[in-house]
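Shared between the two complexes below is chain A, which has chain B as its partner in the first and chain C in the second.
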Partner chain A sequence: MLEYLTAGLLLQLLINGILFGTMYGLAAIGLSLIFGTMHIIFLSQGAVIVLMAYFCYWLFTLLHIDPYISTVILGSAALLLGAGLYQLLFRRAVRMEDKNISLLIAVGLMFLLENLMAVVWTANPRSISTSYTSSSISIGNLDISFTRLMGFVIAILATVGVTLFLKRTLIGKAVRAASEDIEAARLVGISPHRGNTATFAIGIGLSGIAGIAISTTYPFDPYFGFIFSLKAMIALALGGLGSVSGALLGGIILGVLESWAAFFISGGWADAIGYGVFLLVLMFKPEGLFVRSIKKA
Partner chain B sequence: MENRLLEIKDLAVAYGEAQALWGVSAHVEKGSVVSFVGANGAGKSTLLRTIAGMNRPHRGGVFLEGRKLSGMRPEDVVNSGISLVPEGRRLFSRLTVTENLELGAYVSRARPSSTESLERVYGLFPILKARGRQIAGSLSGGEQQMLAIARSMMSNPSILMLDEPSLGLSPIVVKLMFELIGTLNRTGMTILLVEQNIYQALKISHRAYVMKTGRIAMEGSGEELLANPDVQNAYLGTLEETDA
Partner chain C sequence: MRDMRSIIIALLVALFLALVPLVSDSEKSYLIYFLFLTFCHIVLTQGWNLVAGYTGQISLGTHAFFALGAYTTAMIWRADLFKGANYYFDPITMILSGLVPVVFAFAIGIPLLGKLRGDYFALGTLGFGEILKVAFIKGGHFTGGPIGIMLPSSVYTTMRPHYWMALFLAVLATGVVYFMTRSRIGLALVAIREDETAASSSGIHVLKYKVLAFAISAFLFGACGSLYAYYLFQVSPDGFLILRWTLYPVLMCVIGGSGTVIGPILGSFVMTGVFTAANIYFPTVHPVFSGIIIIVVMLFMPNGIVRLWNREAQRG
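Up next is the complex of A and B:
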């Protein structure tokens, strides 16, 4: 095998890993925001991503809407869906401050979505093939798939958007404040529910974007989401809580690890390596790779 | 002198089975410094937290200019014009100094005047302007306390409540802090103060209440209480040291 090993090949694997890893990263950002502000482990994130992929599939096959136009439609729809999910399912659980209840709701929602999707779209894998699905861009010896590259670009834009929202807008600052100290936030007049609604909207909005990127690139089925949630959690552990760019980087690292593991060992090992790294990070650097441990003054 | 801005009537609060306040009645006149002093566990912090809406009373009420506050959520209490500087400062330590101040003016009553409020707190605490882009967690203890007070001032309150502002500060900074509170009051701010540093608190107070196990034990002007032998024996045994 080693005779095939060239710098070009390693680079190609690296790029594939980065491109797929940004999808983990997008999901991880949503998880990070939702966990950071409400301490909800939103296990249904992956199922929502797949649901969005199916909607994109429908818009494409039934209405012939190009997936990249769907990004705008489904991205906004996902923002609303997120706000709705919070108000309908999580608002009361958050008020009761019971993490078990919110985790159970998230798991229940995941099963509900998976089974609904299996009823509506069957369990057979679906994929979207557009005129540009198999086109790729060649740079030297490297081949970069157009749809994967687009997914990457959209993911970066979305991350920049979320970062700007959190850093520049008053409600974004309020969300950061509330995620650090909810009581102090209420004392300056921040209503927790408003911030939580915004957080959920963003988290689910990102899964809308991830769903579209995935639907244009990989075949998906209703049960694909759970593994995806787990991967996003690994990315989150790698990147550390409370950092948007950390979550994205964590996703990218996981993607690269999987890409290399799949090539050098075998495809089946890719997942095992991912979970192994997850455990190692939790054991030796539980605050994440990019977070310096700051002692509180 | 019956210009009562805040009226506390027969307030009773319990944490589960533990009764923390047993029918506390008190009032704060407009433009004055009123303090609640007493030992640890006397119920002083509970009183402030109840006024701020963090705890619910099971009896009695809190009234700001005749309007009932008790039962409101904390975020609505701030918007009615009472701001609490909580014990231990509780800054948003990962946000910058400026961001902390901006969030201080989050409530709708404060937003239209936030630019003027910012100028005002920078005038009172020039160091905060210099530290504007620093992370709040990187400030010194005294600077953090100033930022906590400034953040509360940003909400443009009619009453500023301070819970143990001297906690964890060096003696020199404590002195500075009480001078600052006096200065704030002279600019027209009504102040409700809770302190374990009884000597310093009484010195700047127009009126004060001594609390004991969830009840008001004594009431009087700051000077009266300072001169009171019972207060001296019970709380001011370390007078010389505190004044150093």
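Up next is the complex of A and C:
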């Protein structure tokens, strides 16, 4: 095996890892926002992403809408869905001391979505193939798939968008304040529900975008989402809670780790290495790799 | 006196349930299978209840210990460890299948419980389960890979031993939770759940008690896994290392009322009934239905069935 190993190959693996890792990162940002403000482990994030991928698939096959155009449609639909989910399912659970409840609601939602998708779209993997699906851009001897690159660009744009929203707008500031210290935020007159609704909308909105990026690049099936949620959790732990860029970086690191592990060891073990790193980070650096100030978990 | 009375009532109910297979046709009746499954759920739910309901440590690794128990049974049987002994419902095999998960519970419990709090512990145990899954799938001949280990199903004669063993384990698990939580250990566990710092400053060795509860639950999960291996005759990652075996007990415990002895039993009966009925009446959409049930129950009765008519029922 080692005779094939060249710098070019390593670089190719690195780029593939980064491109796929941004998908984990997108999901992790949503999780990070939701966990940071409401302490909900939103395990159904992955299922929502796959649901959005299926909607994108429908828009493409039934209405012939280009996936990148449906980013706008599905992105805004996902924002509304997120707000609706919060109001309908999590509004009451957030206030409760017992965190099992919100976790279980998320699990119930995951069950519901996964199996609903299996009924509607069957359990066979689907993928979207457009005229540009197999085209790639060559730089030197590197091949970069066009759709993966687009996914990466969309992910970066979305991250920048969310960061700007959190930093520049009033409601974004309220969300950040609530995630820092909910009691103090209440004292200065921030209504937690508005902030929570906004957070959920953004988190699900991002999963809409991630869903489109995934549907154009990788085959997906209804049960793909759970693994994806777990990977997003790992990315989140790597990046540290409450940091948008940290979550994205965590996702990229995980993507690169998996890409290298899959090549050097074998495909199946790549998952175990991801979780192994996750456990090590949880044990020795629970505040994440990029957070300087130490906050107790 | 009240304690004595509830113990006697519980034993009478168990005795009554033990007589059911003698009356009902154990091969054709769905009732036997339903009760068997319910008892298995009670074992897992009580185990989870001990760690989460009483000690306050949310573990999402039940399926990992369950699978470890099943794999231990299958491997002992396949390797013929005791040279020609009968492995079908062999007590030594079953106890060993409980002890192997206990070893793992110590190995991962001491670092995880010592270092991680709350949600992080939940995620850590989830990670443990996933690592185990990959290890079993990739284990080659040793674990049988994705297909798992087949056991000689020719020894199967009737459902009765499964039923009685499940009932025994359910009574054992309930008894363990009952007596533990009424002892000094139980007080320590509840103190840890309520306020770890305060418990620690009152001289409770927090880590020791957490690991103890975790290890005892692992034994129950492992023994139950062993029993289920005798039922399925195929121990595979798809049958045992699936999140179902973690989520159902969590759900049943919370629905019944976590941190109580009777809650997990009620929850197991009710939810096994609901899932079984859904499976019979809406076979294709049954998991969708289960998802809706979980959400609705969590929204409208998050404190469990037990606390519905007994508002002031205390935790612990």
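Just so we're on the same page, the second predicted complex is superposed on the first by the 291 of 297 C-alpha atoms of A that agree within 3 Å, B and C clash if a C-alpha of one lies under 4 Å from a C-alpha of the other, contacts with A are read in each partner's own complex, and residues count from 1 in each chain.
Going forward, contacts are C-beta pairs under 8 Å (C-beta built on N, C-alpha and C of every residue); 3 or more make two chains touch, one makes a residue touch a chain.
Since this is a predicted model, take the numbers as computed values, not measurements.
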{"item": "Contacts of A:His64 with chain B and chain C, given as first, second, both or neither", "value": "neither"}
{"item": "Touched partner set for A:Arg168, first chain B, second chain C, both or neither", "value": "neither"}
{"item": "First (chain B), second (chain C), both or neither touched by A:Phe111", "value": "second"}
{"item": "Chain B versus chain C as contact partner of A:Leu230, first or second or both or neither", "value": "second"}
{"item": "Residue contacts with chain A in the superposition, chain B compared against chain C", "value": "C"}
{"item": "Intersection of the chain A residues that touch chain B with those that touch chain C", "value": "297"}
{"item": "Residue numbers on chain A that touch chain C, as the complex places them", "value": "35, 39, 41, 89, 92-93, 96, 98-101, 103-105, 107-116, 118-119, 226, 230, 233-234, 237, 266, 268-269, 271-272, 275-276, 278-279, 282-283, 286, 297"}
{"item": "Chain B - residues contacting chain A, complex", "value": "52, 54, 73-75, 78-79, 83-84, 86, 90-95, 99, 102-104, 106-107, 110, 137, 141, 144, 151-152, 155"}
{"item": "Chain B-facing residues of chain A, complex", "value": "170, 173-174, 176-177, 180-181, 183-191, 242, 294, 296-297"}
{"item": "Chain C residues touching chain A - in the complex, by the definition given at the top", "value": "52, 58, 111-112, 115-120, 122-124, 126-128, 130-131, 134-135, 137-138, 243, 247, 250-251, 254, 258, 284-285, 287-288, 290-295, 298-299, 302"}
